[in-house]
Each structure stands twice: as C-alpha cells, then as structure tokens.
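Structures incoming, each one as structure tokens.
After this come two complexes, each holding chain A, first together with chain B and then together with chain C.
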Partner chain A sequence: MENKRHSELAELSNTSFFRFTKNILINYSALIIFVFLFVFASILSPEFLTIRNLLNILWGISVLGIIAIGQTVLMITGNFDMSVAYIVGLSGITTVMLQIHGASLFLSVAGGLLAGIAVGALNGLIIIFTNANAFLITLGTSSLVYSINLILTHAKTWYATNESFLILGRGKFHGTIHYSVLIFFFMALIIEFILRNTILGRSLFSIGLNIKASKFSGIKVNNIKFGAYLFCGFCAALAGLVMTARTGSTVANAGVGLEFDSLIVSVLGGTSLSGGRGGTLRTIVGILILGLINNLLILLNVQYEAQQIAKGLIFLIVVCADGILDTIRR
Partner chain B sequence: MPLLQMVNITKIFPGVKALSNVNFSLEKGEVKALVGENGAGKSTLIKILSGIYQPTEGEIYIEGDQVIINNPATAQRLGIASVHQEINLEPYLSVAENIFLKKQPKNRFGLIDYVDLFTDASYWLNQLGVEIDPRKPLGMISIAEKQMVAIAQAISMDSKIIVFDEPTSSLTQKETDQLFNVIDKLKEKNIGIIYISHRLEEIFHICTSLTVMRDGEVTGNKRIDEINSEEIIRLMVGREMKDMFHRTKTYAKEPVLEIKGLTVKGILNDINLTLHKGEILGLAGLVGAGRTELARAIFGDLPFQNGEILMNGKSIKPKHPSDSINMGIVLIPEDRKELGLILQQSVEENITITILHTLQKVGFINKQKQKEKAEILCKELAIKTPSIQQKVKYLSGGNQQRVVIGKWLATIPKVLIIDEPTRGIDVAAKSEIHKILDSLASEGMAILMISSELPEIISMSDRVAIMYQGRINSLLEKKDLSEEIIVTFETGQKIEINHKEVKNGK
Partner chain C sequence: MINKIKQTVLQQNVILLFLFLLIFFGITKGNLFLNSRNLQNIARQISFDIPLGMALTSVLIVGGIDLSIGSVMSMAAALTIRFQTHGTYLAVIVALLFGICIGVINGLLVTKGKVVPFIATLGSMTLVKGIMLTYTKQRSFAGIDEDFTFWGDGSLFKIIPTPFIIVFFVALILHIILKYTSFGRDIYAIGGNSEAAFNAGINVDKNKIIAYTISGFLAALSGVLLASRLNSSSTQIGLDSVNWAIASAIIGGARMSGGRGSIFGTLLGVASLGMLNNGMNLVGIQTYYQIGIRALILLTVVISDAISETRVQKTLQLQSYGNRI
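Entry: the complex of A and B
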C-alpha cells in the first residue's frame, strides 16, 4: 500500500512539468508567501507601508534574527538548541552584573558572550558524548540556565546604565536604521556565504544529510557539531546583549519563547528539521514573514489571544509542511 | 503425506531471479538441513515460508492442503515458527511473559493471569528439559537460554514446523549439545525442523536429511547417511565461471601494509596479514566472521586493544577515518547508501567530498576547480549521469558504486580496502568494476578486497585470506584456489583433509 503510493508519486514526479512546479514550490514557497503577505498588508492597513513602520518591523525582529542564525546553522547539521531563550537572559545578566561591579564595556560584553558560548559547549559535549536526543538535552540545560539566571538576579529586574552599551540596542546608523538590524543582516550574509562556499559549510550540510557517510569520508563530525553548538550559543548571547541594550534592563526569563520562534522562522524559511537543507538567507525570509504577520495583527488591533492562535497555527503548518516535503525529497 | 511441500517456487526481484523452480519438502519428525553459500537463496525460501515474501510462482502445501501465506501472522497460525540469530523477544519482560507473548492467559476480568502464566511456562520449559526460572527478566539470561525461550514459545503455539537459522553461531559447545537434545525432543513430538547452518559437522550430527541450494536452485536432496562433506561442498559450489575476469599482472614482493597481532576484544583475534604493492588480497569468510570489522579497525573506525599496523614499515595508530585517509588508506564500504554516499547530494559534491582540501584556498572552495575535478573523475570512471549536478540517488547501482570508488580514488590512496565491491549491481557493471580494480593494482595500488562471491574472490585475488570466527583460518596462494577449498575453510572444517588438497594443488 505504502509502496504503491510511493511508486505513483515517483512516476508523477518524473514528468518535467511536475518537477519544475514542484521545485519552484519547494524552493521558493517562503518568498512567494512573503511577497503575497507584503502586498496584502499594504492594501489592508494604510499605516503599514510607511518607512517608519517598516524600520520598526526590522528593529523588532533583529533579536530573534540573530538567534535564528545560530539555530539555522545547528539545524543544518540535524541538531537543535532549545536553551537559546535562557542564554539570552544569561548573557544580558552577566554583562549588566559585570558593569555594575565596575568592569569595562569590553570586558562585560566579552563576559556575556562567553557565558553563552559556555552553555553551547555544555550542550555540544553532552550530546556528542551521550548521543542523546538534542531537543530534550537542550530543554534540560535550558532549565538549568534559567535557575542560574534566577539565582544571579534574585528574581529581580536589573538595569543597564552604561550609555555606550545601550547604543548596541538603540543606536541608529546615520539616524535611520538600527545597528542591531545591520548586525543581523550582515551576519546572515556572511554565514550564507560560508555555508555555500567553504569546506566548513559543505561539511555542515553533509553531516546533516548522512553523519556516518560524512565520518567515513574523513570529516571530523564531532568537532564540527561541537563548533555549531558553540556558534549557536554565541548568537543567542549576542542577541541577549542586543535585547538588554534595547530595553536597558534584563530579567531571568528575558528571552522566553524565542527558542520556539527561532525554530519556526528557520523552518518557515526552508531549513529542514531533519537536517541537511537550508540557509541563513532563507531564515531572513522566514523571519520577515513572522515579523510581518505580527506587525499586521498589531496594526489591525487584533487581540493578544488571537495573535497567539495565529502563531500556533503557523508553527503547526510549517512543521507539518516540513514533514511532508521531507518525505517527498527522500 | 509430507508435512510441508513447496512446489516449483520461483521468486523474481526486480532484475534478479532469486529462486527458480525450487522444490522443498519436509516430513513430520524430520530434521532437514538447508545448506548453500551466501546468496544461494536459502533465506529467500525461508522468508517465503514465513510470509515475509510472496512467491512469484509456485504453491505451498501443508499436510496436503494448499495454503497462501501472505503475512507472518498467517505463517504463525499455520504452525510455522522460526528461531533466528537475533531473537524477537522483549528484554524487559519475564521469561514466562515472553513465552506467551502472543497469547497471554487471561483471568475472568480480562487481565493477565499470572498464576497460570508461570505454571504454564514451567510446563513448556520442562517439556524441553531445560531449567530456566520463568520469573527472570529475559535480558538477564544467556543467548542459549533465550533460544530455548523462543523454542518454548513455538511449541506452546502448537507449531508444526520450526526453522532454525544458524542457531549455534554464538553458542558454546555445551550449549550446543543442550540445543541438540532439545531438537531430539522436538523430533519425538513429530515436529518438522528446518536447520540452516554452515557448520557441516553439526549437520551430520543432528540432521536426518539435507537440501543443498546454489544460485537459487536446488542442487541436491539427500538422506544424511548417503552423503559426505566433500559431496556437500561439491553441490554447494561450482557456479558459472566462464565470464569471469582474468588478472593482467602479478604483484611485487614489496610490503605496503602490515598487520601484526591485531585484536579487538570479542570480534577479532590475533590477525596477521601483509598486503603488498600491486596486490589484490581477497578476504573471504562467512557473514559475521569479522571481515568488515577488520576493515573498520584498519580504517580507524573500530578501536583495537592489541597489535599494530605498519604502513611502509612505520607504525600507525589511526583513531578516526580522517587519520587513515591522510596516510593513504581508504575504505570503500559495503553499504553504499548508508556509508558510501550522501544520496541527496549531487555527483559533484559526493565525488569531491574527500578532496576538498586540495580544491581550496584558506577554506574557500574553488568551484571551478571542483567542477573540473568532478568532470575528470566522471570521465575516468565512465560514470553515466545526465550531469554532475544530478543527485546520486537517481543513479543506477553500478554508477553509484563508481561514484563511491571515484571519491576514494581521488585521494590517490596507497591502500584500498573494498568491502563487497559488486554487491547488488548487474553483471555488466560488475565486470567493469573488476576491470577498474585490476588496472588500479597494475598501477601499484595495494588492494584488500572483501567478498562473499567466490568466483569474484578466485578470479580477482592474488592471494586469499579466509576468516573464520574472528581469526584468519588460512592464507592461500592463487594457484591453490578453488571454491571447494575456500568453502571448506570458511565453514571451519578440519584442516588435515585440506592440507592434502593444497599439496595436490602444488
């Protein structure tokens, strides 16, 4: 029964027209949805298509975007990091605390980033040496990091006062576009270039598609997997700094929800949950879609509950679509 | 009336005729051995009997009634049970629960009746004359005891036919004797037994008759007292050799890779081998004899406890495949799809994955160079593909194998280990692969070729090492090779008979 369905599908996919349409739909679906939504939003709300609003959308998504870059790289190898949300909190807290205790700007930022990288290292080591499920392990470390955050902050809000630090979140390039947006786009471009043009990039994809064959081909799979976890921790920590600098304050659960959001936008852009496919340019498209929908719902004064419903539905649809596409591809 | 009759069974897989007009019968209380080389069709026949495969043609009769066995559940209902090497039992349940895995006794509330469960379990275990505590979790008993549990399960369901597939491969001598006692008891109960084994002395000990298969056909049906082991081996071998390959050059006496006393606990035992420049050393042996494990140990994919590996006289310690590749040792694995290729990637990406470091500058891949290199390799190996951008999953088996060979040749290795080079590819592609291997050896590459196909081993090898239960059982020169001798060593037969044979060869 199953086999028959597969063979029919295979037969159908042999016709060139079907293949062409299928390729367009699979490879550019996110872009098509984005364009459609953009036009739709412009018609629906007069405030949407203003420079101010568009720049606000970009500013709004930049924190999530920076996290999603790390998450995308990790997902390409077939791994996940669900602890990014609390790394966001941890890096902000570490930095603010260091500043309060008189550390220099450089030292405090380095401290925040290192805290995130350390959590990434912990995740990577556990997963590589135990071969346990990445999703659950990182949920576990996530809970540990949250408790560290709570202990460090005594469950209180802490304020960042260093003016130069706040520029990271609030400053604008020539008074127009936020630095954080530029950081996000710049990182996405660099990473995309690395993914497509370097040995490292090729190895990341190979590992995601077939880790055993990659190892047999001489790729040091564990080192690369470990590196991907470090990078994901770094990205989350950087996002935490941006967020802290934007709001001027931080709490233990500052990034809550961002772990799922970073997964959604990566998958929405076309990065596969089972590894081996995707890219950070795709993730930009995914994140723009999510930002657009959020913005539109706010502009249209939709209630918060309805916004959450929309987000939940998007998550489900995207994950289902990924599963279906994955069976077609294999 | 025979208990089981399989009449004119033919099974065709896409491109391969696995069985052709096979007739097989079994009487009540008979213990019938089913023997043949790897790939002779034994397991296909058994899978048809157990409802896993459907025959393309042919009929099956049980006690004279024609039956159609379209799934394993039907086979079970008809009284056909099998005891495998990997036993299908639940490690966390008790022995008793496992015996009644398929029909637990229930009390009037519909819950499992544990009082009955344990007494019934003891009853069936007693029937077999074995002492196992039915309350013990299955995971805590030995492999031999697990087999007994599987047998108890079979007889508790009134099985009429029990298939034993290599049951003694991991048993000690004492456990084997106990198994034979149990088989004798089953015989008394008029159960028909099909006994698959490579160990001929066992067959003479326990079986009453045998059926020999070769290339999907039955080549002999004999009572056990009218046949000897030479005769069995003669019936097993002798496949068509006419289109086989002839080597063009012989090897130099210059050692490239030396393996001394290599031991992996429980898998490989004191392996000594020397591989020379330009030599194809065939590695024969049954599945499970340790051939693939030896290859993996040399390739740095399986850690070894004792022994050393010398490359051009220097001791090496590969810890990861990348170490071996850097030293010029590569392994072309048997499992193309899982280990050899990344199916969803293109020919270009697959064939260059091992040599990216030669196509780069500070980590950046030179795409133009990569394309040129891929095209050269495709041409050299005559890989038929619409373009180098084609995903390898769309290529034929033969072309996929060429891509695997290509990606390793690209590294210009000094030692090539190749595991089952022509498994699952058609005849024409096979001889092409053989040509490639021959020309590589002629150019001076040292090749260790693992193969289960005796014609391939004999025609391609300069020397043949035969493995048996994790050891090198014998090392033969080309002039001494024959299928009979290889099978004799592969099945762990006594060496004395064969020394004579080897001498005659000289």
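Entry: the complex of A and C
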C-alpha cells in the first residue's frame, strides 16, 4: 500500500517536473538563448564583460528598442505597422526643419512627435474603417511617408541647430548610462505593467485572441486598435528623435530596414504575429539577443556582413522551434 | 459575349486602370508616349518586374507571401556575374538553382516548420541578404562576357527586347499551368480553404512547397536578366522590389487572403505601373512625387477592394439571416 502510494507520488512529481521544464522551454526559449549567448560571449571574449561594453550594447539597441515597444503593443492586438521605418525619418526631419526655422526646443520636439502620431492615426483610421489588410495599408502609407520625407528634405542631409536637443541622443545620466537607454527601459516597464495589470492591457490581449468575442463582451475594439496605432506612431517618432539627436542630422531614409528589424526582435522575444501573446519584457529579451550577437561578432572580428547571416539564422531557428513547440502544446 | 467581356472588365479593375493610363498618357503626351521606341523602353523595363510580380502571385494564390524575392534577386545577379569565370551559362544555372533552393527552404519552413509565411520569408530574406553581402563584400562587380548582355539588353529583329520575349514565354507557361493543370486547380483550392482542400485529398504541403519554389525560381530569373542587362551586379538590386511586386500582384487581382489572382491580371498590373512610371517621367513629375503617387494608387486599390469585400460579406450575412427566418 505504502509502496504504491510512493510510486504514485514519484510519478506525479515526475510529471509535474516534466511539465515544469516543458513550460520553461516553451515560454522562455528566448530567455534561455539569451543566457546561453551571454555566458558564451563572456567566455569567448575578455572585453565582453566590461561595463563599458555592456553599456555600449544597450546604447546601440535603444533606438530599435523604442520602435519595437510600439510594434509589440500593436502585434498583441493582431496588427502591425510597416511604416515605422519612414516615420523615424519623418519625425527627425520635422524636428530639424522646425529648429532651422527658429522654433524652440519644446515646439520642435512636439512637432516631430505629432508628425509620427499623425501617420499612426492615418494608418489606424484607414484600417479600422475599411477593414483592409494592415500589411498592405501600412506598406502604402510607408511609401507615402517616404515620398513626403524626400519632398521635405530634397534628398539632402539636414543638421539640427539646437545644441540642447542633442542631449536626448548623446547625453548620459550621471555620466554612466545614456538617456535613450533609460527611456527605452522605462517605457518597456510601464507598458509591461499596463499590459499585465490593467483593464486596457487585458483588452489588448483579448482583441488579439478573438476580436469578435471582444466586441460582444463590450470592449471598444475600434478605439483601442486606433490607440495602439497612435502609440506605435508615437514610439517610432520618439525613436526618430533619439536617432536624430545621436547623429545630429537626418536624411529621408534614416530608419530604413527598422520595420523588419522591429518585427524580428518582437517575434524573437516571443510575441506572436497573429496576436494575443507577448509583452514588452519579452521584446527586451529579443532585442538583447540581437545586440549580443552583433557585439559578439564585432569582438570576434567577424566581418560586418556575417552579422546579417547570424541574425537571419537565429531568427529562423527560434521561429521554427516556436512553430514546432506550438504543435506540441496543442 | 459582350456581357461576358463587360463582366470581366468590371471584375478586373486592373483592365480599367491599364486602359485609363494608356489613353491618358496617349492623349496628353501623344507621339512622345506612343512611339515604338518608348514602347520598347517600357517593355524592357517591365521585363525585370514581371517575374517578381508572377512570383508573388503564385504564393499569394496559396495564401502565403514571399518577402525574400528582393534578396534572392540580388544574390542571383551577384552569382550570375561572379560565377562567369567558370562559364557564363553555368553561372546562370547556379543562380537559378540558388533561387530554387531558397524557394524550397521557404516552402519547407512554412509547411513542415509551421511558421507563418510572413515570418518565415522575413527570416530567409534577412539570411539571403546576409549571404549576398558576405559573398559580394558589399562591392559591385562587372561582367566579363559581353555576349551575355544579349539576354537582357538585346532585341530580337531589332524590335522586341529579348528579356520581354523570355518573360512572355515564362508567363505563358505559368498561365497554362495555373489554368489547365491539376496543380493550378489545387493551389487555388488551397488558397481558398486549405482545410477543405486537405479533406478533399489534395496534398497541401507538396503544392505549397511547389508554389514557393516557383516564386524563388522567378525571383532568381529576374536577377539573372537584370545582371545581363546591366552586365554588372550591385548590392542595391532588389531593395524595394518586394513592395512593387506586391503592389502589382494586388492591383492585378491577387489577394492576401489567398485563392485569387491570375498571371494575366499581374501582367497588366506590372504593365500599368511601368506605364505610370514612364508616363510620369515624360510629363516631368519629380521622382519624390512619383513615389507618393504610386503609394496612393496602391492604397486606393487596397481600400476599394476592402470596402467591396465587406459589402459582399454583409450581403451574405443578411442572406443567411433571411434563410434562418
């Protein structure tokens, strides 16, 4: 009798242990890869584990990170935005142009952010009212914004005139950590809190999981979707300001490629493209993986071009593993 | 007969767009637009876009998408030029095989790896771009075989551009495959409803892989032809070709939801965009504004289609309510 109970217990703990590890593997695969890469990098390169280098990694990823926060929120609702790349250019251009024409720091920054929010509003309005495919619409607005960027800049480089504006990109908090990194982490934490602990956050997830059910249960689906597009435009615009402040100048295609990169890091972190799953903390992990790979390859003196291969390979491995794990889960 | 023509014209907005652009630029620019030299120019320019449009059409029909065509195109161009030291036609074969390989990989990722097409091809796009940048070390290369330029830059009987003839025949073959073979019927069925197609005994995975392979092959073909035309390769090739390939396929009647689209429609879509580019240049519109105008056309097509789609769905819903009552 005793013996039998014992074996039952063992079996139970065995299965629960099995389930526990399986859960970790499924839900935190990105985190495992990150830890693995981190240890690997520390062993391989003595320069890696210095404060200076680690801070540099963070500084390098902060622009993409700010965009990815907006993209993640949008992806949780089952939408996404391909126009973020040129919004980055547009907000920088608007700000620099306003400064050149003598606007104050506050006014120019507000103008840049408003420009991004306006594009987000355009995306949101079209997609909500016509029910059209988000990918195609944002692809269209993306070229439209690019065309506006080119018309505004005449395909030339423009330089920011306000010295204090540059602090946003180059300044350091107490001389250690860049403001842009702080903005990125601060925003990610706040959004994660909103996603997990508020009605708004739960509504975002519910829209991503089942839009019809959300509508029937009284969630104002259209308002929230519209808000998500506005927020994504805002994030892209903020990233554009940081990027402009960092280099002190801007061009029409400043952010080209960032639309795909922001999708890649969100998906790497574990946010689902079809909606209903994800979070900004996950996106931080995804973006840290990308930053680590780039940094590691530089420290190992691998040529720049190979970084792209590594990025593509790791991305494909993760999404494949995710697809296969997804079938196991069911 | 007249009724049938009326129906097709109304169903396929692209025919209206094509005729409108033809008449518009024909009237405003007259001989400048409608002379044989300019038409040859348009035909040559769109020859490199047609394979890309058809590539997207074949994957859109099965309800997928292929973002990797731009990278594949530039890698194929690089292979065509750099492999010439081993023989020109060997280089072409290697380049086309590369495209086929990437197509198969995309297909496997989507079917066996269970990855969403958008994500899978986003990954292969990044990967192939990395391979291309590593292979070329971000440099441009010049071809060593002058005769090879005939395929992209030459003309048959001094009238018809050779690349146009090649893509025309490829388009004809693809049209026949999609319209008159069981494979064609199967992929339309898969795009329409893949579960129903599976239950009807169609090998969904195999057909999807073939569709992605066709897409990879056509992207590589476009790269080979462009390399032949320029007699050089550059990392700038294919940078925004995905956008315009998608635009021309969508304008031509394909849908992101799958099950729709045709080679004929895509040809007209590519031709419309090509004519628009050429016409805008003749009229003297700045490049900056041209990008915006093309974007507006894409937006208009997508929006008008979405509106008509919701209207159809609403009518269907009302009908089903009626039946219940």
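To be clear about the criterion, the second predicted complex is superposed on the first by the 296 of 330 C-alpha atoms of A that agree within 3 Å, B and C clash if a C-alpha of one lies under 4 Å from a C-alpha of the other, contacts with A are read in each partner's own complex, and residues count from 1 in each chain.
Heads up, the rule we're going with is that a contact is a pair of C-beta atoms (placed from the backbone, for glycine too) under 8 Å apart; a residue touches a chain by one contact, two chains touch by 3 or more.
In this text, all values refer to a predicted model and were calculated from it rather than measured experimentally.
With both structures placed on the common chain, the touch criterion links A:I199 to chain B but leaves chain C unconnected.
Of the two partner chains placed by superposition, only chain C is touched by A:S147; chain B is not. Note on chain A: of its two partners chain C and chain B, the one contacting more of its residues is C.
Look at A:I117: by the touch rule set out above, it reaches neither chain B nor chain C. When the two structures are aligned on the shared chain, A:G276 is found in touch with chain B, with no touch to chain C.
Look at A:Q303: by the touch rule set out above, it reaches chain C but stays clear of chain B. Of the two partner chains placed by superposition, only chain C is touched by A:G312; chain B is not.
Once the two complexes are laid over each other on the shared chain, residue contacts for A:S217 go to chain B alone; chain C is not touched.
In the superposition on chain A, contact of A:F135 is made with chain C only, not with chain B. Residues common to the contacts of chain A with chain B and with chain C across the two structures: none. Per the touch definition, chain A reaches chain B in the complex via residues 197-200, 202, 205-206, 209-210, 212-220, 276, 329-330. Contact residues of chain A toward chain C in the complex are 126, 130-133, 135-137, 139-144, 146-148, 150-151, 154-155, 260, 263-264, 267, 273-274, 303-313, 315-316, 319-320, 322-324, 326-327. Contacts from chain C toward chain A in the complex involve residues 65, 109, 113-116, 118-120, 122-131, 133-134, 137-138, 243, 246-247, 250, 256-257, 286-292, 294-296, 298-299, 302-303, 305-307, 309-310. Chain B makes touch with chain A in their complex at residues 299, 301, 320-322, 325-326, 331, 333, 338-345, 349, 353-354, 356-357, 360, 363-365, 367, 407.
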